[in-house]
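Heads up: the structure comes next, in structure tokens.
Note that the chains take the letters A, B, C, D and E in the order they are written out, and that residue 1 is the start of every chain.
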Amino acid sequence: MGSPPLFYNWSSKIIPWLGLLTLLVLLIGLYWGLFLAPMDYKQGDVYRIIYIHVPSAILGESIFIFMAICGFINVIWRAKISGMLLKAAAPIGMSFTLLVLVTGSVWGKPTWGTWWVWDARLTSTLILFFIYAALIGLHSTIEDKTKADRAVSILSIVGVAIIPVIKKSVDWWQTLHQPSTFTITSSPSMSPDMYIPLLVCLIGFYLFFAYMLTLNLRNVVIERESSKNWVKHVMDQESK
Amino acid sequence: MLPNLKVENLSCVRSNKVVFENINFEVFPGENLEIIGSNGSGKTTLLRTILGLIKPEKGIINWLDENDKFNDFRTFECFYQGHQLGIKNLLTVYENLQLTHGAKGMDENKIYECLERVGLMHINELASNLSVGQRKRISIARWLVKNFKIYFIDEPFSALDDEATSMIEHLIQELNSKGCSFVITGHRPSQVKANRISI
Amino acid sequence: MFGSIFSWLNIILKRDLLIAFRKSSTYITPLVFFLIVVTFFPLALGPQESLLSSLAPGVIWIAALLASLLAVETIFSDDFRDGTLDEFFISLEPSFILVFAKVLIHWLITGLPILFASLIAAIVLYLPFESFIPMLLSLILGTSFMSLLGALGAALSLGRSAILSAIIVLPFSIPTLLMGTSVISSSLTNQDFSGFLMIMGAMLAIGIPLLCLLTVEALLLNYE
Amino acid sequence: MFGSIFSWLNIILKRDLLIAFRKSSTYITPLVFFLIVVTFFPLALGPQESLLSSLAPGVIWIAALLASLLAVETIFSDDFRDGTLDEFFISLEPSFILVFAKVLIHWLITGLPILFASLIAAIVLYLPFESFIPMLLSLILGTSFMSLLGALGAALSLGRSAILSAIIVLPFSIPTLLMGTSVISSSLTNQDFSGFLMIMGAMLAIGIPLLCLLTVEALLLNYE
Amino acid sequence: MLPNLKVENLSCVRSNKVVFENINFEVFPGENLEIIGSNGSGKTTLLRTILGLIKPEKGIINWLDENDKFNDFRTFECFYQGHQLGIKNLLTVYENLQLTHGAKGMDENKIYECLERVGLMHINELASNLSVGQRKRISIARWLVKNFKIYFIDEPFSALDDEATSMIEHLIQELNSKGCSFVITGHRPSQVKANRISI
């Protein structure tokens, strides 16, 4: 996978299968969550937003951690591929974070009576969104792409510190937002018939990320290597 | 004898413009190199590329010590005097000499001596009150704070009067005899005994 | 080996402090900023002691953060312009030390004066005497961290991309602010605040090596 | 005669705006500062709507004031260092115009963006819609005055007398702050605020000629 | 014919140190003056004193127009090129020429022409990317944006190559023939036809 042409060929084979699997898991998870799972006794059907809200929140955070790891590798070992991965992952993470903000606001109106409050979790999530936007914006302004990768890597390493703040915000400051239900150490406080579809959705979202990442990385690779022979070769073949 | 510095096939590109191409030279201990070129020919860029402040497009820069060991340039003691002299306006002449990297642990008498050699009398004057030529002399006084292995001096003679010019020529000779080398630039050949390349 | 690094650190510190001392605006401007923010509150809200002292932690922390971010933009730009930064990268010493020294100096000329000023602010805003120590502790940790962050921001914005420096500084000042404020307000209600201090300490402990290294990387970007 | 002055004003404005535009930190840093301050307050003081909206006028004004004082320190220093200021004093045109142009540019790159940002701040801090116009009016007058004052401070501190500059800026910023805040809070309680606006306008009207002239004098001090 | 500028008995003291004393000279229209002195002799200070940027200790500076009327120097059109060239790094070469005081209302072709005369090709390059000599050429191009009455040029030849040196010599001759005068400084006599004083 180290060499670009090899990756390109490999990914061409894997993409259809990955896509199919993603579609399947997502469909099961969402159908289960949105239609089969029991209604919440306090909130009614509104609570079903959770099946999008929580997985996208977790994805938004995970993708940033992933990017920070790539960034770290890029700064220390100057591995070009990690810079490309970083670049490919950023737009996906940003979309998920936007989804959290939107679903959260939609959820907030009926439950808290307002679209937005300045509490710690909401603000820190908004900041995560800004950081994503900034990383993407920055990358596009620097012309030398390896230089751009490095600048963005530096930022993402620092930026990852926002993740624990988002995670811990509900414990450290009194907020309107729900405290964590998902923890590794203790069993969930949610009933299993709400909890298991949520897990399936989460797995579906992760698969979706993997799928999109592969697609984006292919584009980045093609763009960077556009002067190389193998790209021209591939292009010729695809246009036929 | 082995050269201290050996540059092979060095090329540099800035914003898609080739600044110089295929530069080759060697600098032996105690010998000098003069790089001659017109305005904008890339002399400053060449010096900075050798010192690692600009990334070369291609080419090899070898730093060799006495035992033919290849070294990173950081293990060599280089002195660089660019167009910007690295002089702080809010420090006095004395402090400007005392508080540079090379000068650590240097005693007062040595500092006075260095300043006297370059003809700077008002040592407690703030550097902002000096004339351009006097500022340049501070930088020249820094050559003497310790023996560097290679000196990279960008246009040593510009903005200086005749007295200072001959002083520099003597200084270079003196330092050469101690085994130090100079890489200098200029627009026309100088009086300094040196190998010359033009770019 | 270590001796040489320390004597270099010593030279940088001595030189930059001397310059800062001669150019008084470096330490006066942050103080003025701090005082404007702090004096404004009693004037604008009226002198009710209870309201003021409940707002005091937030106000002091906001003032401190702004003031400590103030001069940071120029932390490397002078050295970059006059060629001193070249000298650092050419010398044998690790550039890491340079960055550390720069951050330390910045803290000494902004953070330290603010520490003293915060005592005045605390009195003016009727902060109870018991909270002075937690306030000072949180300010020490927090302003140092902000100096570190600011240095990274400044290194990135040397190449003109100020957006960068803003992105770094803005999001990370918020956790610091929240944590710092929590320390003081917990002490106001006699709650345990050591947890927050610990986290701030941990941020600083990780921050010093990590942020200094990243700042070196960012500076090197300007040299391609 | 006048044509020549205007074309000169035109050249200065064009040049400095172009430079400011290329060096994005000039207009981004004040904006970021403004936004930091505005987001800090709800976070540090708690998200209660009633407290926030009663503090909103003060918060917006503190943010605006600090942001507009921010970049002012360097308003003349670049021109002084690179020799452009010499050119101004040698030319036939009155230096008064130069100072006015500089202040105008400073306002355009700090005051104007703040004006837009203040609308966001007003929404975030739950300021009622009726107060928007008074807020904008007071900000226009107040930030222009602060730019003028800051320019004088900057001219004085070119020659390193930062204390002087602080002494000038600090006492005058507090009245501006109080007046500006009063305009918004009067409008909150439906009181008449035109008196405050009038005073601010008068300060500006006297300030433009007087402070510009004083600034020229202060700049000439650097030339002995 | 009357001189444009007549300096009598000019003395200047900086921080209790006499920089120069009893300077006397006249500058006639179309003629040049070269001030020669070693580093730190006060050349720069003299130029700045004449232009009112430094207050003289004593002495008289007369600016005379055609009708023997004494004038303030501000009513004369002077051009000053000091050690600091007044070039903005964040503007392109073109903009640096276009947005100077003298250049108001100048059209595009004229600007191109001026830049061509001094041999600056990359007119859309940012000034920060130029070499030191190329920056100096921008300042020389400014001589041409309009006809100033007196040009005060501090060390016109330093940091320039031979080609640029002879270009300046031609330029000065050409401008002299239009009635413009030059007051230039240097460390040693130049090729320019001029009255010389040394300080």
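We take it that contacts are C-beta pairs under 8 Å (C-beta built on N, C-alpha and C of every residue); 3 or more make two chains touch, one makes a residue touch a chain.
A quick note: this is a predicted structure, and the numbers were derived from the prediction, not measured.
The chain with its CA mean position farthest from that of chain D is B. Centroid analysis (C-alpha atoms only) places A farthest from chain E. The centroid of the Cα atoms in chain D and the matching centroid in chain E are 37 Å apart.
Chain D has its Cα centroid 46 Å from the Cα centroid of chain B. Chain centres here are Cα means. That of chain C falls 46 Å from that of chain E. Within chain A, contacts with two or more other chains are made by residues 120, 123. The set of chain B residues touching two or more other chains comprises 83. Residue positions of chain C touching 2 or more other chains: 22-23, 161, 163, 170, 174, 178, 224. All chain pairs that count as touching, in label order, are A-C, A-D, B-C, B-E, C-D, D-E. On the side of chain D, the complex with chain C involves touching residues 22-26, 28-29, 32-33, 35-37, 39-41, 43-45, 55, 57-58, 62, 65-66, 69-70, 73, 157, 160-163, 165-166, 169-170, 173-174, 177-178, 181.
Those residues of chain C lying in contact with chain B across their complex are 4, 7-8, 10-11, 14-15, 18-19, 22-23, 81-84, 86-93, 223-224. Contact residues of chain B toward chain E in the complex are 14-15, 37-40, 42, 44, 83, 129-134, 136-137, 155, 158-164, 187-188.
The part of chain A that touches chain D in the complex is made up of residues 117-120, 123. Residues of chain B that touch chain C in their complex: 48, 51-55, 74-75, 77-78, 80, 82-88, 90-91, 95, 99-101, 103-105.
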